[in-house]
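Each of the next two complexes has subunit A plus one more chain, namely subunit B in the first and subunit C in the second.
Right, the complex of A and B next:
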């Protein structure tokens, strides 16, 4: 059987300019990945290849890197939410035994400012022989501050009389408006119009591994071990900052303990680490503390949404108006999606602003803006269903333009027993514990691109695949092993894989749920074409065309006559002494973008204590072709849990009187713990013909809205402010009782 | 953390001299699960840490007909696993079972648990020089006071974080104290002190005194106990409100009730009015409700913690009905 070939267009870089060229690749049928049912690896569950290394501690994360003469860096941070540094004196710090270097604002004005705009802003740094001495040194730097007025609350900051976060402009930025149709006419058609306000809090990222780097200079060459979502973005930022070519900077991220969107680029702490390592003339490790993580490394912005929704009496949504604001802290945007979330509404107007406050800056966080938008929209959908006497599922099905999501809602409803087990009336049943069910949905993009890879097939049969992506904990390394092993008919442990290093071919940052959809087509394409080169060289030995050869189960044989066979090693030995080397890149046809997701949630509410327990989540997700169902399910589990955390527990609390965050730890900033975790049923809505689509972000979006709806179904209390803590539940219950 | 010297004590008698006249001179360490966090956050800045775990023979549970005596260094895990505790001291068993995590209970001691410092976020953060650290103000006033006190407070509004202390107090436990002039023993009700008495500490211990033993009288044969704890997070969390209840009910009539709240006041808070109301009364749903009302009558909630009153009230009703059943 002759291998069918097809032509695909790809974009390459030529003299620094993108150029589209056409190449020929094997045609594996619809969806690029072909029929995966007989595969040994791709689309089958595979334990992480580094699982044992991780659980035994053999895996070395940035914090584990040890180098001869390594110093420990720490950053001094502003002790006030708004202040000007009049004088800073490190004499006492420099005099401490073991302190090797101090950098002060004057050393690098691009990094440090004398204008402090939030408590926690970087103002100086030290490097010392031990972490303890470095901490002592921070306390021995004398700073004379001129303390200035501040504002940390987004509502207070909107007042024109409030202290200005940036002296030259109002705290509240320009409105961004999105509109369609005619809302006045739309509301005129509505039989029922509802208005309500919803509030979402600021959420910290809480990656298990804090931000940090180890920086080592040799002359003007810099090697960096970084906890990052993008080794190349770290390289670019450091090369730019220090005015050296990118070739002089090598960034390594072999193992990484999570980022959730806050670990792109070198960031302040990475630049500071390199800066102080240069000044100290020694390698420096600078890992942030948990408090620094809360204060200065990013967060999900708050959102306050005033929503007005109009519907006809049969449940058709006709008009939507939303004005919302939130705080990104001192910088960035608090915008959420600029069209009505999920549902088709012919007439809408949305106006949103970001309000600066004297708090740490936002950073992208797992599905930026979406959980906030989903919470308000999905709560409002239930309120509208109630007002119209409709089932919450039915009103969604009526207004959702996405067929796949409608099917997924039906799947989830069937699985959880929506029609059979859910009480149509809230607050039924005896006793203080009431149970209920709720639903919430999401959409996400998650396409791929921007990845190169190389593959070497050595004459001894050993195979090496290199790609400069990084595994941020999602299982990317395992995917590379799986795809290459599938292609060569070898076992996953027979492939040598290198990732997480800027010495390897370029790959973009791991964000936006794009990593699997970027990396896997590049690995597939590169290994497939490397294999084709091998077949081109050895096909004459079989007396067949290259396209008639197959690599499977450690052998290479003729597809029409498997008796004509060699072992893989016999086949590669035909290469003599020259290996196959192929440099490839992302190819179209193996990935896609755009997915819906649906969560159904069951909760119990203790009406005497206000405690809510999430008992069960049914998560229905669609990732096109799932490469590794095991790590995919881990991502769904993690997303569900992070969503419960946002809905139920997590909350950055700023003290309005002093401008400090009061819960910059993991005691008062509550993450859910093991006994808070519900039963999670994951349902797959497969569309393998679409190729690979990411899952990291959609899996977290729908949960808070679904929980709020389940709480209402349980006890009749509509909670419009997250997180759903006992104080809010009890006061909502009291409001219900008072009618 | 400030640098400090570390001393292993070898006998109880030696300890007072190793300690100092001020809390900044020296502190004792047993399990260390609270102290270490305090030192890292500069809430405690002792010059010397005196380790008590190097003293032999302070981890024991001894039982006789009248009482249970528990050595100060007995771990929470050992208390939890002790047969007599689970059989006769249900309220203590239940309270210890919901403290922190198994790992922390393996390290933490029973005496250390009742001597815990406040979890108040203003007290624990280096950013706030609050009253309890010698500063000028309580930041909970005019601040975010969601988790602060509804009873017995001013000028500080901390809550006592211990789960074991309300249970021990409900059981009428006494505490043995050793100081420079030897030992003495007081009932727990007299051990804890309100901020108006001593703003810096939560009990009568002086800087050079230690707790050596807790003694719990055996509950009456027909009495029953339970511990109810409400916490935002089920895994490792301090109480928003907890209630230790021990009641003797004979033929439906309450002969004695001992009700002590945790998490609502700067000390474990005995609901005296509710106890008095219940004594001698036949327990009904409406009387349980009246007792609950009496328990929170004196509550003075702050702007963000009114919900604690509702929870406290409901816990009293739940416990009274459950123990009368």
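Right, the complex of A and C next:
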């Protein structure tokens, strides 16, 4: 059987310009991955290839790197939410035994400013021989601040009389408007129009490994170990900052303790580490403290959404109006999706703004803007269903243009027993503990690209695959082993894989649920074409065409006559002394973007204490072709739970009187723990013909909205403000009782 | 928690108000509170002045000493300051980096180690107080190349993602199974309630602990 070939278009860089060319690759069937049912690895569960290192403590994260002569860096941060530094004096700090370098605002105005706009802004840094001395040195820097008026609350900051966060512009930025149709005409058609406001809080990322780097200079060459979601983004920023070629900077991320969207680029702390390492003439490790993480490394912006929704009496949505704002802190955007979330509404108008406050800047966080949008939309959908006397599932099915999502809603409803176990009327249980059920949905983009890889097949049969992606805990390294092993008919431990290093071929950052869809087609394409080169060389030995050869189970044989066979090593020995080397890139046809997701949730509400417990989540997700179901399920679990954390517990609390975050730790900033974990049933909605689609983000989006709806179903209290803490539940219950 | 005095606000630079360097730091506080302040659940009012005094001394010269730590059956001499935590001594001085520092105040369990068979947060334990105790870290869990059944189960059930919390979860899981070889699901959750995982792999951790317990009961 001759291997079928197909032509694909790829984009290459020529003289710095993107250029589309056509290449020929083996046609491996629908979705690019063909019939995966007989695969040994791809689409089958595989334990993590680096798991032994992780369970034995051998895995070395950036925080664990130790180099000879290593110094410890710390950053001095503004003590005030808004202040001007009149004088800063490090004389006492420099006099301390063990302090090797101090950098002050004047050393690098591109990094430090004398204008402090949030409590926690970087103003100086030290490097010392021990972490303890570094901490002492921070306290021995004398700062003379001129304290200025500030504002940390997004509602207060909208008042034109409020303190101005930036001198040159208003706190509330320009409106961004999205519209379609005619909303006045739309609302005129509506039989029922509802209006409500929903409020989402600021959420910290809390990757367990804090932001940080280890920086080592040799002349004008810099080696960096970074806790990052994008080694190349760190390299680019550092090379740019220090005016050296990118080839002079090497960034390494072997193990990485979580990112969730806030670890792209070198960031201030990375630049500061390199700066002070240069000044000290010694390698420096600068890992932030937990408190610094909360104050200065990013967060999910808040969202306050005023929503008006109109529907006909049979449940068709006809008009939607939303005005929303949120705070990104001192910089960035608090925008959320700019069209009605999920549902088809012919007439809509959305107007949104970002409001600066004197608080740490936002950063992308797992599905930026989506959980906020989903919470308000999915809450409002249930409110509308009740006003119209419709089932919440039915009103969704009626207005959802996405067929896959409609199928997934039906799957989840069936699984959880929506029609049989859920009371259509809210608050029907007896006793103080009431139970209820709710639903929420999402969409996410994802998609892949921007990844190169290289593969070497040595004459002794050893195979090496390199790709400058990074494994941030999602299992990327394992995917690379699996795909290469599948292609060569070898075992996963027979492939040597290098990732997490800018010395390897370029790959983009791990974010936006794009990593699997970016890396796997690049690995598939590169190994497939490397294998084809091998077959081109050895086919004459078999007396067949290259496309008739198959590599499987450690052998290479003729597909129509498996008795014509060589072991893999015998086959590669035909190469003589010259290895096969192939540099490939991401290919179209192996991945896709755009996925729906649906969560059904069961809760118990203690109507006396207001405590809510999420008992069960049915999570229905669609990743096209799932490469590794074991690690995929972990991603879904993690997404579901991070969504519960956002909906139920987490909240950055800023004190409006002092401008400080009052819970910049892990006890007052409440995270969920083992006793809060519900039962999670994961349902797969497979579409392997679409190829690989990411899962990290869709899995977290629908949870808060589904919980709010379940709380209402349980006890009749509609909670429109996250997190759903007992005080809010009790207030809402009291409001219901008062009628 | 007594250590709240430490960081009521971002005052690393509060020297503008206080030129003597007097401030409350957690480490200063521990030093003031003295030996045995493992989780420091003590009345803060009395100790604030102690902490203040201790902190004031920080910048005037620090006391250091060489202590002997028995870690995973091996004896190590290590120079530490009075305020150096066990976590920092293990990680920065001895390069035993399995225990991780995540919250640095006894809330997340990532730094969990066993000391004389009892779990402690190594970020809340002074290195000097660990002298003469048997310290076990995740590095000591396997018997040479033979993984502990819990380690095998964590791998098999994918009870780890980024892996940063994993050493702490493994130490807590081992203590749980050492005390109770057949825990109920509720007991597993209770036993792990001192550990935080941000990737959210708890369901797989519960499966792993239950599966390892079963295997260990069968003599595996």
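Heads up, the rule we're going with is that the second predicted complex is superposed on the first by the 739 of 739 C-alpha atoms of A that agree within 3 Å, B and C clash if a C-alpha of one lies under 4 Å from a C-alpha of the other, contacts with A are read in each partner's own complex, and residues count from 1 in each chain.
Rule of thumb we're sticking to: contacts are C-beta pairs under 8 Å (C-beta built on N, C-alpha and C of every residue); 3 or more make two chains touch, one makes a residue touch a chain.
Note that this is a predicted model, so its numbers are computed, not measured.
Considering which of subunit B and subunit C touches more of subunit A, the answer is C.
When the shared chain is aligned, subunit C comes close enough to touch A:51, but subunit B does not. Contact with neither subunit B nor subunit C is seen for A:155 once the two complexes are overlaid on the shared chain. When the two structures are aligned on the shared chain, A:206 is found in touch with subunit C, with no touch to subunit B.
Of the two partner chains, neither subunit B nor subunit C is touched by A:246.
In the superposed model, A:136 lies in contact with both subunit B and subunit C.
By the document's definition of touching, both partners, subunit B and subunit C, reach A:658.
Judged by the touch definition given at the top, the superposed model places A:108 against neither subunit B nor subunit C. After overlaying the two complexes on the shared chain, residue contacts for A:674 are found with subunit B and with subunit C alike.
When the shared chain is aligned, no partner comes close enough to touch A:386: not subunit B, not subunit C. Note: residues 79, 119, 132, 135-136, 658, 660, 662, 664-665, 667, 673-675 of subunit A belong to the subunit B contact set and to the subunit C contact set alike, using the contact criterion stated above.
On subunit C, the positions that touch subunit A within their shared complex are 1, 7-16, 19, 21, 23, 25, 27, 58-59, 61-62, 81, 83-84, 88, 91-92, 95-105, 107-108, 110, 137-139, 141-142, 147, 151, 154-156, 158, 160-167, 170, 188-190, 192-193, 195-206. Residues of subunit A touching subunit C in their complex: 47-48, 50-61, 63-64, 66, 72, 76-79, 92, 96-97, 119-120, 123, 130-133, 135-136, 138-145, 206-210, 255-258, 260, 289-291, 295, 472-475, 630-631, 633-635, 637-642, 658, 660-662, 664-667, 671, 673-675, 677, 680. If you check the complex, the residues on subunit A that touch subunit B are 79, 119, 132, 135-136, 432, 608-611, 613, 649, 653, 655-658, 660, 662-665, 667-668, 670, 672-676, 725-727, 730-731, 734. Residues of subunit B that touch subunit A in their complex: 1, 3, 119, 121-122, 124-125, 127-128, 139, 142-144, 146-147, 230, 232-237, 240, 304-307, 310-311, 314-315, 318.
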